[in-house]
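Each of the next two complexes has chain A plus one more chain, namely chain B in the first and chain C in the second.
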Partner chain A sequence: MPATKRGSLSIRSQDDVVGVRQAVRRAAVDIGLNLIDQTKIVTAASELARNAFVYGRGGEVLIEDLQESGRRGLRLSFEDHGPGIPDIQKAMTDGYTSGTGLGLGLGGAKRLSDEFQIFSEEGAGTRVVITRWKS
Partner chain B sequence: MKQENFTPSSRSRLPEILIREQSSLLADWIESLSASAGGRTGSRSRQQLHEDARTFVTALARGVQDGSLQDLKSSEWSRMHEFLTELSRSRAEEGTSPTETATFLFSFKRPLFGLLKKELAGEPEALAEELWHATALIDGLGLQTTEIFQRSREEIIRRQQQELMDLSTPVVKLWKDILALPLIGTLDSSRTQVVMQNLLEAIVAHSATIAIIDITGVPTVDTLVAQHLLKTVAAARLMGADCIISGIRPQIAQTIIHLGVDLADVTTKATLADAFQLALRRTGGPLPASTASSKQLA
Partner chain C sequence: MERIPILKLGPFLLVSIQVDMHDRLVLTLQDDLTERIVQTRARGVLIDISGLDMVDSFIGRMLGNIAGMARILDAETVVIGMQPSVAITLVELGLSLPGIRTALNIDRGMDLLRASLEERTEDFSAGNQAG
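== the complex of A and B ==
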């Protein structure tokens, strides 16, 4: 699948989370996502960027444009080198949090995306890749 | 600093040379400035440039006379510091970049090095040593202008952040017992705290029974924003006021559903007007008959 790198941002502070949201919104507008899909991917990005900052002790996001048989999409890869998630299934469960949030971020991000992949290794970090296609 | 490596025994001769030759240095510098500024049309006039050069050389002579070359931030250099602050400020106002400002000071090296070469002809070791001193001195002063510039920018940013924080969280009284809080922008945690506090204080001050939180101006409602909203609603409820959240656009409604955030306990409305109407009905205020909306969900 042809993917073009649009940019990558580091996530080291709360302000960077805001920056990620803005960059993702720009990219979403650029590839022509409608307002609802824009909002979905921006919100998912917000959750994952905050996770990388809060739980992963900072990380980065790679933003890529996708093109597959005429349709366009946006792929976001979040990566941190934090403690990793010991039990991914548990972490994906709505209402479960190891912190103080609502425990809906990961599951919510999955439901807000067309494709969702999560890889995590204890002590090495976590990588979450989401894709939103232009409908 | 590393100067000691060069001068184990004797003091630098730079101060003495600078003080003795300040007028000829200034003349040389102005001459080279005029030559290089000839083609350019900088925003700073030639006269101002010469004035800056004159003040700098005077302050430099004073600095090396009273202070040490090692500590450019000591009080003996206060006059120089004042000049550099003023230079950075006035040039920034004119739109000059900090690089240009520093480059202006660095250009003093040309006449200074020329003079040292003449003064220390036949003493290559002393020349190398004094060139090092001179470079360190002028670099240090040039970098100070950049530092000052950056500090003033940071101050502006801090002030604007503070202003934004206050600006975007006004609590408005709409009617007897009814308050509205129109939220604008991103709701990061420090601002949300201010928002919550303002609203709770206003509820007490106006003895309000209904508070409308309008999120039309909030571009993204994620789980953290939702959590802050829920907390605010719960706190207001403890104080005897009901909250209505308005400004839920279609895309926000969909996102909240996908996130799985439970807003069932909170009254929500699509627009501030709808929320206001509901609030009036609940408090027994006057209702505009003709515009009464048909889609009353609450």
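== the complex of A and C ==
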């Protein structure tokens, strides 16, 4: 599947989380997502960027444009080198949080995306990849 | 320090969020609002979020916290102007904002607050008579 890198941003502060939201919004507008789909992927990006910053002690996001049999999409890959998630299934459960949040971040981001993948290794970090296709 | 202005409108407070808020700004607003409710003895709070193009779980939780704290301080909170795309996304995210009253615009929000204020005043005088 042809993917074109649009950019990557580091997530080291709360302002960076805002920066990720804005960059994802620009990309979503650019590939022609409708307003609802823009809002969904921006919201998912906000949850994942905050996770990378708060739980992963900072990280980065790669933003890519996708093209597959004539349809366009946006792929976001969040990566941190934090402590990792020991039990992914538990972390995906709504209401479960290891911190002070609502525990909606991962499950919510999954529901707001067309495709969702998560890889995590204890002590090494976490990588979450989400995709939203233009409908 | 960056702050979101809080305006006093008779017995109510009005906040209009026009910027993309980072988490610290969200928490500052929460603190400022509770302080102003006590200071002004406001009976209601209107939070205009028509300028927000997304509400994530952090901002949603802040809105819930503000409503909860305001209620303890005898003030009602109404969130106004939520964009339809934001509402759809919030529900899918899993946040239904329990305990938060919403209104489409500021006029309806004011009506809600006035009605609730009258109701509470009546309850109070009815309680007084009974006692």
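Annotations for the structure displayed:
In the analysis below, the second predicted complex is superposed on the first by the 135 of 135 C-alpha atoms of A that agree within 3 Å, B and C clash if a C-alpha of one lies under 4 Å from a C-alpha of the other, contacts with A are read in each partner's own complex, and residues count from 1 in each chain.
Definition applied: a contact is a pair of C-beta atoms (placed from the backbone, for glycine too) under 8 Å apart; a residue touches a chain by one contact, two chains touch by 3 or more.
Keep in mind it's a predicted model, so treat the numbers as computed, not measured.
In the superposition on chain A, no contact is made by A:Thr131 with either chain B or chain C.
Using the contact criterion defined above for the overlaid structures, shared-chain residue A:Arg21 touches chain B and also reaches chain C. In the superposition on chain A, contact of A:Gly105 is made with both chain B and chain C. In the superposed model, A:Asn51 makes contact with neither chain B nor chain C.
Residues common to the contacts of chain A with chain B and with chain C across the two structures: 14-15, 17-18, 21, 25, 35-36, 38-40, 42-43, 46-47, 50, 94, 101-102, 104-105, 107-108, 111-112. Residues of chain B that touch chain A in their complex: 186, 188-189, 219-224, 226-227, 250-252, 254-255, 258-261. Touching chain C in their complex are the following residues of chain A: 14-15, 17-18, 21-22, 25, 35-36, 38-40, 42-43, 46-47, 50, 94, 101-102, 104-105, 107-108, 111-112. Chain A makes touch with chain B in their complex at residues 14-15, 17-18, 21, 25, 35-36, 38-40, 42-43, 46-47, 50, 94, 101-102, 104-105, 107-108, 111-112. Those residues of chain C that touch chain A in the complex are listed here as 20-24, 53-58, 60-61, 83-86, 88-89, 92-95.
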